[in-house]
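Look for subunit A in each of the two complexes below; its partner is subunit B in the first and subunit C in the second.
Up next is the complex of A and B:
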């Protein structure tokens, strides 16, 4: 027989304060909202995949297989079942953490995704840091004196970056920095366990290829918004009237306000950021989820495709949640939880 | 900005230079040296994709994964040739020898004494027979097409495996290097691991053993210290990596991140590699010419006149010259110059004659053709050129490119009209041989002709090479007379390697049995 101690009133108060905090309520709300989004993504993916011609059984058996052999394997893999049944089977496993086995290799998808998630996660993270880390100072410099030298150079660079597809940029980067200057590797991935330096070195070019177009876009966006704020907003005029220096006005006042727009744009661009990994991982021979996704599409390995897309969707949802939290951090007036 | 612009400009100027010759077959400096590592790249869309693993009985892309399979399993027989690709022969490797008995109805293969798998178990007749039985029922395009008698695979003593066929089967040994019966797995390891695990970390008796295997991404192999050939393999480590196409692979080689690339197809890059003098360029002797398959079982090509119009409208010589600088010979039959039983000309072959083509099209009251091909650089270039040529002859042409799975569906549906494909093989009866494209019982054929089937079957049923040659010549002439399918340039992939790497099939020439050449990995070495 066990006895339970009465709850400590102080603990209860702390717990209710934590649960009642706007941030926790925001996270809870967003997590709840994420469920139908991810479910919707998975249904949409399943539906689109069911429209693609060709099937995994044919891929496994090869072009010589007879129709009877293909049908038999379809039965074995459950591909002869109606789409709804297959989807529900998959969903039933997925909610329990079992993403199923690859139709082609028979290996568990979770294990495969786990090892590749680190590569893609790191690539996306690094590209994000590079793009934002460069865009903010360049945009500030450009907005400090609009239409002057720095602003014009940044405009030329940005327009160039926005005009070049990232796979072309990737090949150019390899040509210059790997083939001609031999400062970065052209292909391959060194895991973090083999040293941070070597790891970052191996990811430098692929991350730059993804980051550069985003850097260009963020720079133009932030610069435009900052210039608008600096030229037309009353609070800027007030700050200047108080005798605050131009850099301080730009950094402390205009930039803080412009960050909201930047965060929104960054959140909206996450799809581009993640989507870029599919082609960039192929070019740089990186064993990430993008590479896996492309292979799975080519072999009609729907289970793997489904898992990859859902993982990408979860990353996008989580990133947007972080963006929402940043709004609250930047502006204490925002009280999501009370709305 | 300026230094960057200069670097870019100089790189692009360098990239624009053309010319140069094949550098394969040059004698390496000095005897082979032991040690070193090699990183080899393969295109993710072909040899660099091994999604079903590396167990010969379940790997459905084994015919494309010759490198991976050869490095792990070695092979009972290897295709070897002189450095320039001439005098190619299937020679015993893990097999000690073979005998063809009963006029080719019985084959006895003797295994070398003392070979052991890397798990220590013996590679004997029992193990080989076990593998043969698995391979025969395999889903791979690389499964053998043996006309086996019931229980036709038996053993004699500890080292001899006996195959009993229902009819003489001449290409049995020539087909070994590209069929999965060539790759022998350890039955004990397979049983212990189970198929699921075995396909990831397979155990063979080849020159290398698996360290790690990330499917269709990276295969890391290390030297097998107990390999049956003393002092071989020369390399300590071999890594095979998948990469997304010719361009990144080429740049990776130039950047020094890889040592070889197998199966380059992009002609401008091959030209650049030849002129750059940084890489060894080995364009393999072509064995499989392109062919425009015409579906004679459906309109409009159930009419011979329509097929003749295609023959007359097609100018493969112009395509070979214009797009490929005459580097690939044009064939009139189903074998290229690197293959067995090749003849340059077929008597009575309909040559390019656009006026004649236009005349026939007018007589037919117009001709509209759907032409398709597999998505591949060379195939798409050729298909586009054909569209232009045919349109000049008044033929309306719709072109479409397919992935393998959708291409297979098109053939299975039977609604296709014209497909640009490759035909033949080093031995016309081995692998995706001539019957694959022309035999009535193949789903990938547009022809139903008993006379042609008889000629092709007859050629596989005789051990007399002169008789085989005669029958294949007759088959070529019959295909031409009936205007079943115009043949085109015989393309073969190119292998690139950095300086100091040497090896048969890599820096010398070996005819591709089907699409790519099998590198003899235990003889590959690098200057240290």
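Up next is the complex of A and C:
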């Protein structure tokens, strides 16, 4: 006979409080939501790829290959199977962590992804730090005296920056800093293992090209939100009525509240940030995931394309989750579950 | 109302508009002594679009130290703008002229750094909506100690002790716990007590309560007013209360100013004003001569007619378009003068007693 001990009520209460806490519920909900998102993205990619004329077998064999040769390789690679079968095949491997082998090189995709993820990750991280690190002080200075010099200059700069596509900006940067002034390399990547300085030097222009439009966007957003708070919120009047200094009112009160909006905007924007690496890596010949993705599309290597797209999707979902969690942790109204 | 708030003396039931006023009225101190606040011909004009909004148009009054003065008037009559002007809390689009002397020194035109030194220390303000007036993302404790430390060289611990003292002063139970709470964890009445604690942080000599009880339920409203009254007497503070609520003004204030279109149109001790209304506008506000059976906290009755257009005020009496006693003489502006001892008004055809 087996007797099961009655559950300790204290323990279950702790458990239910942890499981019922807003942050944990949020993570749970997001993870559950991520599954259909990633599934949907992979199906869509597969479908679009199947619409593009040409396949990997033709790419490998080149234009001189006979129809029979192509058909033989297609059979070998499984490309003669219907799209649904191929997708389910891929999915079966993917859920077990096997993203398959490249159709072109035959090498496992995961090996290649790792080193490229590091390059893209560094590029994104750098662009992120630069854009936020500059946007916050500039927005604060602009909002301190709205419509004065600093504000106007930052307004002109950011509107210009927002209207220039980042590949145009990239080419301009190359022209000025690599071709004319030759202070930064136009292309190429020096890994971190060869020194931080050299590494950052090689990433300076591409990171700047990604960071600048983001900087403009964040500056505009934060400046606008700060001014709205300063001019429209009653608690700002309370703070001023205490007789505290204007910087303190701006930083302690307005910025504290604006930062929640900024976190949300940054989270929503991370998708764009990641997406912009595709073209920038291409321009600067950086061996990142974006470059791999473009190459794979050209060679119809759908296994590699799938892997890249899924990685991007996972990163975007994770980034949004982190932004939401940060928001939940920082904002007491959410932390205490009142809203 | 929260559980914590029971236990305060409730507003005495059945007390009527006039029953309390006589014993609140004290002998007039405004005559000989230098008043704490003397506002003379105060004007505030806003630039909005290409237009100019004349929000305050020659407002004058005096407030002796330690007294409670009420400003009443319908929405848009310039009550909030006129008091925010005193503290330099208006946006840059405002142009302030005239004079406002606090304890003998001029506030109008004071440079911002000096004005900042006086905010909270000389004059403090409690606002209408305690939910929006407290920073939602900052602990109560920090919001109070910040006010304490703005004007006193105090370390964290001393400021914290002072914050607890202030919360005790406004009768908030368990002050130590409140310090680490956020505004949304408190009830409306408790939040307003926190706002009052913040206002008292630097021991101001004038406390302005701009519709401080309007957002609260009737019972809480009475508790907050009783608290303000008690603090006024205990700390010897002058209180300037702004209200929509005639009953509240009559019950608690010693003197009452009635504002219309940005100026004072009637001014008298509370008892006198409600017993001997002179200005047709005040009478319209009251709905009729104040009656003993009127609810003490009835909201301000809406007066018939359009509120005046502040971008294009007519010459003469601003109330003329809505006034039933208006005639040709009212095309000239009636002077605001002391027509009876202690009773000022601006009208050519004042209402007679019993009319």
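One rule holds for everything that comes next: the second predicted complex is superposed on the first by the 306 of 339 C-alpha atoms of A that agree within 3 Å, B and C clash if a C-alpha of one lies under 4 Å from a C-alpha of the other, contacts with A are read in each partner's own complex, and residues count from 1 in each chain.
Assume a residue touches a chain if its C-beta (ideal position, glycine included) is under 8 Å from a C-beta of that chain, and two chains touch if they have at least 3 such contacts.
These figures come from a predicted structure and were not determined experimentally.
Because the two structures share subunit A, they can be overlaid on it, and in that overlay subunit B and subunit C fit beside each other without clashing. By the touch criterion defined above, A:172 lies against subunit B but remains apart from subunit C after alignment on the C-alpha atoms of chain A. Looking at the superposed arrangement, the partner reaching more residues of subunit A, out of subunit B and subunit C, is B. In the superposed pair of complexes, A:237 makes contact with subunit C only, with no contact to subunit B.
Of the two partner chains placed around the shared chain by superposition, neither subunit B nor subunit C is touched by A:150. By the touch criterion stated above, A:60 is placed in contact with subunit B alone, subunit C being left untouched. Using the contact criterion defined above for the overlaid structures, shared-chain residue A:284 touches subunit B, although it does not reach subunit C.
Once both structures are fitted on chain A, no C-alpha atom of subunit B lies closer than 30 Å to one of subunit C.
On subunit A, the positions that touch subunit B within their shared complex are 53-55, 58-67, 69, 73, 102, 104-107, 112, 115, 170-172, 174-176, 178-182, 185-188, 279, 282-285, 287, 291-292, 294-295, 298-301.
On the subunit A side of its complex with subunit C, the touching residues are 231, 233-235, 237-245, 248, 252-253, 256-257, 260, 331-333, 336, 338-339.
Partner subunit A is touched in their complex by these residues of subunit B: 4, 7-8, 10-11, 15, 41, 44-45, 49, 51-53, 60-61, 139-141, 143, 195-196, 199-200, 214-218, 241-245, 247-248, 251-252, 254-258, 403-409, 411-412, 443-444. Taken in their complex, subunit C has these residues touching subunit A: 84, 87, 89, 91, 116-121, 124-125, 127, 129, 132-139, 146-147, 150-151, 182, 184-185, 195, 198-199, 201-202.
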